[in-house]
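Take a look at these structures.
What follows is a pair of complexes built around chain A, which joins chain B in one and chain C in the other.
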Partner chain A sequence: MEATREIYWNVGHGVVWGMYLFAFIAIGICAWGFWTRLPVYRQGKPLSRLDRLPERIALMVKAMLAQSKVLRVLDPGALHALFFWSFALLFIGTLLIMAQADFAAPVLGIVFLKGAFYKLFSLSLDVAGALALLMLGGLMVRRFFVKPEGLQTIRDDYVVQALLFSIILTGFFAEGIRMAATEIGANPQLARLSPVGLLFGQMFLGMTPAVLSQAHKATWWVHFFLAMGFIAAIPYTKLRHIFTTSANYLFADLGPKGALATINLEDESVEQFGAASIKDLTWKDIFDADACTSCKRCQDRCPAYATDKPLSPMKLVQKIGEIARETPEANLCQSIGEDVLWSCTTCRACQETCPASVEHVNKILEMRRNLTLMEGSFPGDEVRTAIGNIEVNGNPFGLAYAARGDWAEGLDVAVMESGAEVDVLYFVGCYPSFDKRNREIAANFIKICNAAGVRVGILGKEEKCCGEPARKLGNEYLYQMTAAENIELIKAYGVKKIVTTCPHCFNTLARDYQDLGLDVPVEHYTTYISGLMRQQRLKLSPEPFEFTYHDSCYLGRYMDIIEEPREILKQAGGQITEMTRSGLESFCCSAGGGRIFAEEKIGSRINVARVQMAKETGAPLLVSNCPFCLTMFEDGIKTGGVEGEIRVRDLAEMVAERLAG
Partner chain B sequence: MKILVCIKQVPDLESRFKPDQAGVWFSDTDLAFRMNEYDEYAVEQAVRLKEQLGDAPELTVLSIGPDRVVEVIKKALAMGCDRAVHVQDPAAHLKDPWQIASIIAAYAKDQGFDLILTGMQSQDRGSAQVGVTVAEILGVPCATTLVGFSYDGGTVTAKRELEGGLKGVVKLKIPALVTCQLGLNTPRYPTLPNIMKAKKKEIAAVPVAELLKSEPLAITTSFHAPAKKGSGLVLEGDIADLVTRVIGILKEKTAVLR
Partner chain C sequence: MLIVVCIKQVPDTTQVQIDPVTNTLVRDGIPFIVNPYDTHALEAALQLKDRFGFRVAAISMGPPNAEATLRKALSLGVDKAILLSDRVFGGADTLATSNVLTRAIQLLNKQEEVGLVLCGKQTIDGDTAQVGPGIATRLGYTQLTLVDRVERVDSLSRKIRVRRKLEGRHEIVEAPFPAMITVVRELNQPRYPTVPMRLDSADAEVTVWNNEVLKLDVATIGLKGSPTWVSRIFSPEREKGEVVGDGLNDPVAAANLLIDKLLSKDLIAV
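Moving on, here comes the complex of A and B:
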């Protein structure tokens, strides 16, 4: 007997008309649901996110089908991915049935669901159904019984779980009843290829054909209407993520990480800077709220959330959606809360991990721009003072600008002037210029360059703050003022290459200054040293030490420089013990986003939390690569009460102590 | 109502001061400049009064000095002043408080200002004389070191900071002059739209010669760092030992324990 089955057995082929009618209605309700959401997105400003379309489509297909973003966190990403693949297979199975029964057979007279292919089809769908059920069970346990911290459960979760469970179960029941009536007895060989159906079918063996027929019809229709309900419910429940999250992969930001729109300050027609209301954000910012699946991965990684500050990146994104839908006229910053907005360290852990390609950070920065540029607001008076100091003296400490180059006295460094012969310009930044502890970074970097025979120049008292903290606090005006002065100088001196020891300066000069006309290669000292070592210009004599390493946000997540610093430290004799949160998953030191100027008044201290993580590795030494991090960790070691148990040092110090010869 | 705020551009106090060539004031080299702190309180209070009165008053800001003082004038305009007067004087730093007050009074006398606000003193010269002298020349009442200000129906109620933490409240009928002290208010941070608008506001330039008719009464004869007398001493070590050493030093070098 040929392996196949009668499609529409018992219900009869006549159901197709009703079936298609209801399917169209369900699809119509679904489409209507999305259609009515379009005006919500349209409140936002225009933004082009369909350029480089082939690249975008490829990214979307990969993220969807391979579940690559979801799987970056295996628990519960694996459950979701397996459920997705199973459900997708069941969907394909349904499409095959439709193609076979409603098109291929009646129109073309072709039967393809037969023989070996039917066997494969039958077995795969059964396995897929079973797997989907299992994964759903796992997800249900996580959702309702073993709840992880911070998981929000709403009406949608009950609806979605109930729908999916009942769709799969009724499917198996319909199959089981059909098999009890037509297959288990007549073709036990074939029945074995539907193992789950066989299991369900056992329950119905021995019932009369009339009862089976009635039961099958009822189950079939229930299954059908549940499936239609599923389709119709998509835009009205969290199920919408099937479309919105996929679309968000298509709309993803393809620019350099952390790129922020440079405001045109010359345009006098602009009267609103930053986002005061929902219409000042882009449509994508609003759409992000619909793409969010509430998976809370961002929240789990947010240093502000972890230390009891009012910010949760997830809730912030969802709040924007809520405002867009319900109170679009509302004052955005006040509705969300200034404390929420000022809590962000722009560490980008949220955005890096987001499986839905939501862009959290720039939303916060656009709202901060409104607070700063339109309302003259600050997270605290100490920040106001620091900003005032940058305005007057070009550094947040308020120290004499003329003293900026004093750290280099007695060192082999040229202070730039026209025609100065140097290989690289060292853009020192405020902390290595003025802060006593951080001056060690500067001095040791020079020592390293001297050993490699690199001629280094600095701008000395002409250098100004790169403007990064001001920019991240929303003060685009001050940022562009100091940036313009730095750029003019760098251009005037005909600089060919810039090296920074600060990842914040690095990002700003390498990426942000491009918008303002600087086009000189910029490198962070870690990759620069790595290059010197590769070229054999710099030789180290390794001396053993045990350490753990902190990836600064602006070097790791923003610039993807993760391996080079570890390799340098290894070659210097270091034996690394990694913290759980390292690399792209690193936990911020608390100083990003201009928070270096701000007192941490709410919740516990982020730097203390990070120092504690370092201490837990058992390593006696924490190595960092950023002046802000060094500052925060020196402080965190003291205030966290682990003095004497762990020290913090900069990579430059470790290397400079191990120079060969 | 017409309001005048007088502001001065001063060097940032963290700067490195060196005497100028003549040795009578500091040299401009390597100095960063900003608005005199007390004058910021004056500007802020004037802007708040303007806002209180529904934007009706016309608010003029005046500064005397070389071209660089336009920077602080712009800041005052961005904070909310309506128009500005720049009394151009490259040698303002050589004028004594009497001359500076005379210049301001000469400008103000025919303008009919109802209220004049100044800082209580400048951060660089620190004479605290200019405000009161202007009031004296113009013959208007004056209250100094304001830490509180309110205005109602032609009367200024001024809370003054006195010695020893005491406060005094005085009432003045306008026209009047007040000088502002730390604690009066927190000056606003200019918003970007206001910075943009400030660029278009009028800054009237008046050569100092048109206003200055008087000779100095006090002449600065020398500017120098104080002579170094002795040096600090940092003690380190065991606390008990430190106590003994401190007592020893106090007995030996001071009169406190005798």
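Moving on, here comes the complex of A and C:
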């Protein structure tokens, strides 16, 4: 006898009408739920997120089917992925049965669920069901018993987990009863291919056919209605993420990381800068709230949250959704809280990790823009002073702009004004120009370039702050003001290539300035040095040292430059011990987002936390690649009381001390 | 009612150096700013505007490029900005400056009744603190100097009550309008210009009044009207600091001593 089974056994083929009716009702309720949500999204400003469609679809399929984003954190990503795959298989199995019983057989007279294929079908669905149940169990234990810090459990979680659990369970019961009645005795070999069903079926062996039939009918209908309930519940519970998160993969930001819309300050029709209310955000900003699965991965990585600031990127995103749905007229920044908005260091850890492709940082920046540009508000008076200084003197310290190039006195470096021929322009930035400790970075970088025979030029007193901290504080006006002056100069000198030692300058010149018309290749000194070494222009004589390495946010997460600096340090003789949080998972130094100017008044100190992580590696040396990080760690070592236990140095210093010849 | 704020464009003196040879201020490559004390006067006027709906005019005497200073005032929200600029005003000391500003305020008063004149307590380049009182005297206004708090403004009975910050004490005084007030930094935190205001101020009008408008006797203005004569500008020899207390063995007592010392020199305030 060929392996197969009777579909609609016991319930009878007559159920199809009722079944489809209820199915349509369930789908209708589901569709209605999403439909009524559309006006919520539509409150936002338009934004095109369907360009480059094939690329987007490919991204979506990969992230959905391969669960690639979910799996970046294995616990509990693996549970979710395995559950997803097995549940998807069960869903496909159900569709196959539908196609077989209600279409292929009655309309075309074809039976494909038979023989070897049926055996495979039967076995894989059974295994999938078991796996789904197991994974679900694991997820439940995690949520209800392990209760990881910060995980919020709401009504949805009970509903969803109970629904899924009972759907799978009733499925197995229905299968078991059917097998007890028709398969276990009649075709034990086939029954063995449904191992879980067999297990359930054994409970019912020995019951009379009449009882079995009643029990089966009841279980079948319960299973069916639970499944319909599942479909209907999707938009009203966290289950909505099945659609919204998938859609968010499609709507993902394909621009370079950290791209922020450049405001047209010349457009006189614009009266509102930044986001004052929900309608000043884009529809995608609102939609993100629905795509968020409350997985809290962003929150787990947020340096502000970790140090008891009022900011949680997860809650911020959800709050935006809440405002959009419930109080759309509300003042956005006040509802969320200024302290929340100012706490962000724009480290991008949230956005990098988010398995739902939520974009946190730009929302915060749009709200900061409103605070700064429309209300003239600042996170503190010290920041106001720094911003005022940039406006007047082109540097946050309020030091004479004419002294900007003084650090280079006596070094082999040309000032562009003099008309010298150079290979690269070194865009120095404020900290290496003025800050005593950071001047070491500048001087050592020049030393390295000299050793490689590279002719370096600087703008000297003509250079202005790149504008990055101002921009990240929301001050687009000041940013564009200083940027325009820098760009004009760089263009006037016909610069062919720019190198920076600051990752903030690097991102700003390489990416942000493009919108303002600068089109010159820009490199960070780490990749530049790495290139010189590859071309054999720069030779090091290694000298052993042990170190741990800090990936600055703007070099690592923003620019994906992770390996090159490590490689340079290894070639310089370094023996690395990694911190637990490194690479894309690195933990901010606290200085990003303009917070370098701000006193950290709330919670504990981020830089101290990071220095502590470095100390835990046991390495006596922390190497960084950013003037802001260097400043923060010098301070963190002092305030953290670990002086003498660990030192911080910049990569340029390590290299310059090991130049060959 | 109009509040007039007198503001001045000054070099950012935190960066000014004195040329050791010529003993003059080196102003090359030094950015100009609004005299910091004046920004507090502006803020005080704008707060009164916000609360009572007074109108605010900013006036400044200076070269044509001092217009930037007035634009800054416009971007903060003043209603009109008047630049008092003429070659014959140049080289003025505090007396000649007071004469020009006084006449300008009198002219403004003809257009719209002036209730208050606000000035910073002094400028950071001249440090004389004479111009505000000079104006008050010439206008015959009551003068309330060194104000660090506005206690009350009664727009009906037209009175203002303020707190003056004096050495080691405060004084609360009241005067009827019109009055001239000079302010200290503690008075307020100046606002930061919003971008819409900045953009508007770029197109706003800065009225220029020269001596054809003011019609002052040239003997009373500019270099000719200035009896003050600067004989020398120099950097003082830095006095050697003194050791206060024993920070190593009794840091608390040393800190207390230091605080008392700073208080007595009015370098910090309680």
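We adopt the following convention: the second predicted complex is superposed on the first by the 659 of 661 C-alpha atoms of A that agree within 3 Å, B and C clash if a C-alpha of one lies under 4 Å from a C-alpha of the other, contacts with A are read in each partner's own complex, and residues count from 1 in each chain.
The rule we apply is simple: a residue touches a chain if its C-beta (ideal position, glycine included) is under 8 Å from a C-beta of that chain, and two chains touch if they have at least 3 such contacts.
Everything numeric here is computed off the predicted structure, so don't read it as measured data.
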Which superposed partner A:Tyr477 touches (first chain B, second chain C, both, neither): both
Partner chain(s) touched by A:Cys295 [first = chain B, second = chain C, both, neither]: neither
First (chain B), second (chain C), both or neither touched by A:Lys461: both
Which superposed partner A:Arg384 touches (first chain B, second chain C, both, neither): both
Touched partner set for A:Phe273, first chain B, second chain C, both or neither: both
First (chain B), second (chain C), both or neither touched by A:Met374: both
Touching partner for A:Ala400 - first (chain B), second (chain C), both, neither: both
Doubly contacted residues of chain A, that is, touched by chain B and again by chain C: 265, 268, 271, 273, 372-378, 381, 384, 387, 392-393, 398-402, 461, 476-477
Chain C-touching residues of chain A, taken from the complex the two chains share: 265, 268, 271, 273, 372-378, 381, 384, 387, 392-393, 398-402, 461, 476-477
Residue ranges of chain C touching chain A (in the complex, touch as defined): 12, 14-15, 28-31, 33, 189, 191-196, 198-199
In the complex, chain B residues that touch chain A: 12, 14-16, 30, 32-34, 186, 188-193, 195-196
Complex contacts: residues of chain A adjacent to chain B: 265, 268, 271, 273, 372-378, 381, 384, 387-388, 391-394, 398-403, 461, 476-477
